[in-house]
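Scrolling down, you'll hit the structures one after another.
In what follows, chain A forms one complex with chain B and a second complex with chain C.
What follows is the complex of A and B.
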């Protein structure tokens, strides 16, 4: 059976691949949107934060033993964050807080030391490492520019990207690495990727769903639901929205604007690491990864630069447009042209993006 | 008797003259090298190189840089270039053309100008082709760009010389072999039909030309078309389906490690690993591909990248030659990781060896005082040399700008005496060991398929 002149199963295959790839695009877009939502900055360093995050994951995922000193120093960083960034329930006594922080420190330290469950170790280590990267970027490069023209901050993100690239090159080199996290171990003791799901007899052929992309998509959906709820119902989420709307006013009503900004960078950095790890599991951990963030910019603009749900829809639309475009017109048109044509059309019809807020400024 | 005696004397004299005329050679680290006529002790000769060390080509180029460093260290210990110390001037373009141009501006302003530049990107070669000619700086290139070497119309051999065959010629050589091996060696039925599936860009698109398509057709191999993808792609199933729909039963790729591994992976995803033969230019027969391909295993338990065919225009690590032995020793001595044991390191080592020979021959001809880019180019234009004792074979002339000796090779994995794959532990993980096996034993001349080339089908 054919759909507009193409085999039906190939069209369905393109659609499925597009939606699943779009899930990764959406997760990347989400990180960019969160920074923008909190600070109004378009973060050009996001791709490089992804690369660094995935390399941190890879380091913890390898069976390279950490010394107790390093493990507990890392978890000590968590201690610092917990000491300064969290508002504990008022009922907690001082000793209760200290006990909580000490327990958290010890737990994380031991997770980082163990080698039986490398995935868990990598997950915790990356969340911690990526959050620290985000906090450092904010503290060292973004905060000093508060009050300066927005353009200066955007330029700073470009510089931060280059610095991060240099750091990754010096620390890890540039060899492509495989990251088989969604895998079992075969008879030879080698990691074997979960087999794809094959659905036979779909419009005249077999449709294949890549397991790792499906898992990545599921994680992306969960992350989106979580962040929609976070921004709508939590104190921190509402603070971030208020800060993005008007930082001066937010500060005037007692919001800790600097802490909010730091948290946004930490969250975006963790999201970047998550997206990068999922992406690497489906291809390879490659130095070309920052280029992927550039591919996602149309998705961010398409959905609306401040919209969480827009990031999701934008990612999916761009993914599907790419793949269906390739099925119908070949990769030249599908990968190179169609995403940008779709973006152009949307921006002409709706300049603020599909879900972006229209702003009216009085003159 | 007297005539016989005089004849004997004459023969002896001729033999002595012939011996005298032959290029004198001496051993340097076990390799034969032209003997120096001038002692350059106390001098320094710099090897200038720049390229993409931190962009998309970095997985290949960083081991190349490691090869330069180790080779320069080794050859300096063995006397450098006729006693002169070899220094390295190296810079990173990050794969950006504006950075390539900027670096070139800096290099051309050096006093004295570089005797030779070593580049490793088709796009850089194409950008700088006219400029290096104007500045009289010859280039030794580790890429196979027709435009870079011969110009837009492929009729002007320039100042750039390539250490590997043109990608068009590599593809032609593959078609020639495929037509012969299709039913016999490969045991396939029907006719071979090739689809190009490569990285987007000058490098990826270099093999799909009217000349290669016509040449392959003349060999009985149909080229059904091409599909391209970005180095950041996560999925190429749509591209593969498009080519299969057009009848492709062979995919030929011009991409580096992650690109080739992605194609191999998606072939397994689609269940086409037995139906479609995966092949490519020389860069696909590399350890980097063999290591990345292990993330996905085929139903037979071997990695998705097992049995990739490609062009092998040099001797590989697993072949026992003096040159390979030397490189392996230095590789081990410098504690290079398994991931660097690929073509790039080998090429880096071979490039330094070639540079020494080029400069030695030029100094012998014109003297150190008159050493210049223009004189090095003259040496290049009559340069028959086997770098690392035959690992790389060069035969440049006034009209030939690229190495053109090829074999067909196959990427597979080392097996033990019991026939089972050998598993090693590296960096805390278990790995199979990728090896490249020559499929054709003898080197053959690749067809000349640049526009207007000798083997272009009229």
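What follows is the complex of A and C.
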């Protein structure tokens, strides 16, 4: 059976692969939306934050001893975050807080130094490293620009991307790497990918789905739901939304706006690292990763740049459009052209996106 | 972005003086002297008539590229600095001009026709991607031009590959004037003169009705509309002029480099052009001179001279660094650091600092 001149099973496969990839796109888009919601900055450096995050994950995932210096520095970062960023229960005394911080510090340092459970070590190390990257970017480059025109912030995130690219090239070079996190170990002790899922006799053919992609999709959706709940129910999430609504008013009612802005960048950076790691688990971790974020920008605009649910819808739509475009016109059209054509259409037809807010202007 | 700061005691006595390109005697002497030095540079190099080996031949190439990029950045200045629209697609427009010139020349059209035709065509392409400015502005417009930055190189790589050689380099024939090949010294002077003309033209546009309309759109587009300015028409005009400048720069780049590939016109090149504008001083007519000179000399002279010593001691200082990677990594880091410093410390750029310098010189010893 054929659908518009292509075999039906290929179209179904494209559709499924599109939805699964779209889940990861949604995660990338969520990071961009969070930063935009909190600080009103569109983060063009997101792709480079993804690259850096995935490379940090790769470094921890390698089966080698970590130098105590790195472990110490990272857990020191945790210490800083914990001691300044968290609102402790009022009942805790000063010594209680110190004990809590010290315990967290010791635990993390211990996890980072052991090599038995590489996955756990990589998770903890990446979360810390990526959060640190986000905090540094916010503090050093974005916060000094508060009050500057839009052009300056756009330019700043673009340039931060350049610097991050330089840093990754300096540290990791530009070789492709594999990141087999969803894999079993075969008889030779080498990682072996899970066999792909095959669904036979779908519209005249076999649909093949990469298992890694399916797992990645599951994790992406879970993380997405987690963040939606976080923004709806937790104190920090609510104060982030309040700050996004009106930073002056939020400060006036006693919310810690600076901490909120910093947290938004840290969370977005961790999300970027997570999405990049999931994406490279099914393909490879390559230096072209920032191009992926550029293809997600249309998804952000399609959903509306203030909308979290829009990020999900936009991600899925762009993922499906890309994969179906690849089925029908080849990958150069599907991946390099279609997202930007969608972008142009969105900008001409409905610039505020599907779920975004329309803006009214006065003199 | 006010370009009209003046030292105390300097004022215009007539409308003609107000409208002049160089308003004071000092400005006149300085620009004439600057131009004289630039024009004299090749005479002091090894290939000059006097045989003095004062200027490296490589530096002449750098000056040529500065002259070319100055045109592209001046176009950006008209659109970003004066009209207040953001564009991330200037490199893509340069690609249209470069490939247009190259393809016409490869089909036997003389350079002197190919360049203006390609520049005009680039202007039309700029109009197409300026169309979203009817509905969107600010950040959304930046996104629309970002789409241009991807769609145009895609067209060059894939559907137009029979004409453009796709992703592989496209050789460009030499330009000639009445049978005389233009290369070496004549090329240098041609580029300097065209760049100078483009600068003067931009200065001229700014002091006409069109230029004033641009500035009013930048300052407040809603108010400009209420004043009776056709905002959309003037925005499109700004996009058109900006793209023509980009096309001109691209065409000149084609005959200077003699070989084109789509990689030279990607997003990072657009960012670099914007960076040059910011370092120079957005909305100042001299911005391209300062910004392009500084960043191009940084990239072509300073960073290569720094690299060997970095390869020597950086791996010793940071044990995780492989000296193989330094070459590719150092340029983005230094470039980014310079720009971050400018954005935070002096977002108004070098041209603004230059005006301040002139003021404090005039009123010395009472500097402020």
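As a convention for this text, the second predicted complex is superposed on the first by the 329 of 363 C-alpha atoms of A that agree within 3 Å, B and C clash if a C-alpha of one lies under 4 Å from a C-alpha of the other, contacts with A are read in each partner's own complex, and residues count from 1 in each chain.
Here is the rule we use: a contact is a pair of C-beta atoms (placed from the backbone, for glycine too) under 8 Å apart; a residue touches a chain by one contact, two chains touch by 3 or more.
Just so you know, these numbers come straight off a predicted model, no measurement behind them.
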- Message: If we overlay the two complexes on their shared chain A, which of chain B and chain C does A:202 touch? Say first, second, both or neither.
- Response: neither
- Task: For A:160, select first, second, both or neither according to whether it touches chain B, chain C, the two together, or no partner.
- Result: second
- Touch check for A:77: first (chain B), second (chain C), both, or neither? neither
- Is A:340 contacted by the first partner chain B, the second partner chain C, both or neither? second
- Message: Which partner chains sit in contact with A:332 here, chain B, chain C, both or neither? Use first/second/both/neither.
- Response: both
- Task: Could you look at A:169 and tell me whether it touches chain B, chain C, both or neither (first, second, both, neither)?
- Result: both
- Message: Applying the document's definition of touch, where does A:13 land relative to chain B and chain C: first, second, both, or neither?
- Response: first
- Task: Determine, under the contact definition given at the top, whether A:284 touches first (chain B), second (chain C), both, or neither.
- Result: first
- Query: For chain A, which side has the bigger count of touched residues, chain B or chain C?
  - Reply: B
- Given the touch rule stated above, what does A:351 touch, chain B (first), chain C (second), both, or neither? second
- Same chain A residues contacting chain B and chain C, which ones? 165-166, 169, 173-174, 332, 336
- Note on the structure: In their shared complex, chain B is touched by residues of chain A numbered 7, 10, 13-14, 17, 20-21, 24, 62-64, 165-166, 169, 173-180, 183, 186-193, 196, 198, 206, 208, 210, 213, 279, 282-284, 286-289, 291-292, 295, 323, 326-327, 330-332, 334-336
- Task: Please name which positions on chain B make contact with chain A in the complex.
- Result: 53-56, 58-59, 61-63, 94, 200, 227-235, 237-239, 241-242, 245, 257-258, 261-262, 265, 269-271, 288, 291-292, 294-297, 301, 337, 339-340, 421, 423, 427-432
- Message: Considering only the defined contacts, which chain C positions touch chain A in the complex?
- Response: 80, 86, 88, 131-132, 135-136, 138-140, 142-144, 146-147, 150-151, 154, 157-158, 220, 222-223, 226, 267-268, 271, 274-275, 278, 282, 320-322, 324-326, 328-333, 335-337, 339-340, 343-344, 347
- Query: Where on chain A is chain C touching in the complex?
  - Reply: 42, 140-141, 144-145, 148, 150-152, 154-156, 158-160, 162-163, 165-167, 169-174, 294, 297, 301, 332-333, 336-337, 340-341, 343-344, 347-348, 351, 361-363
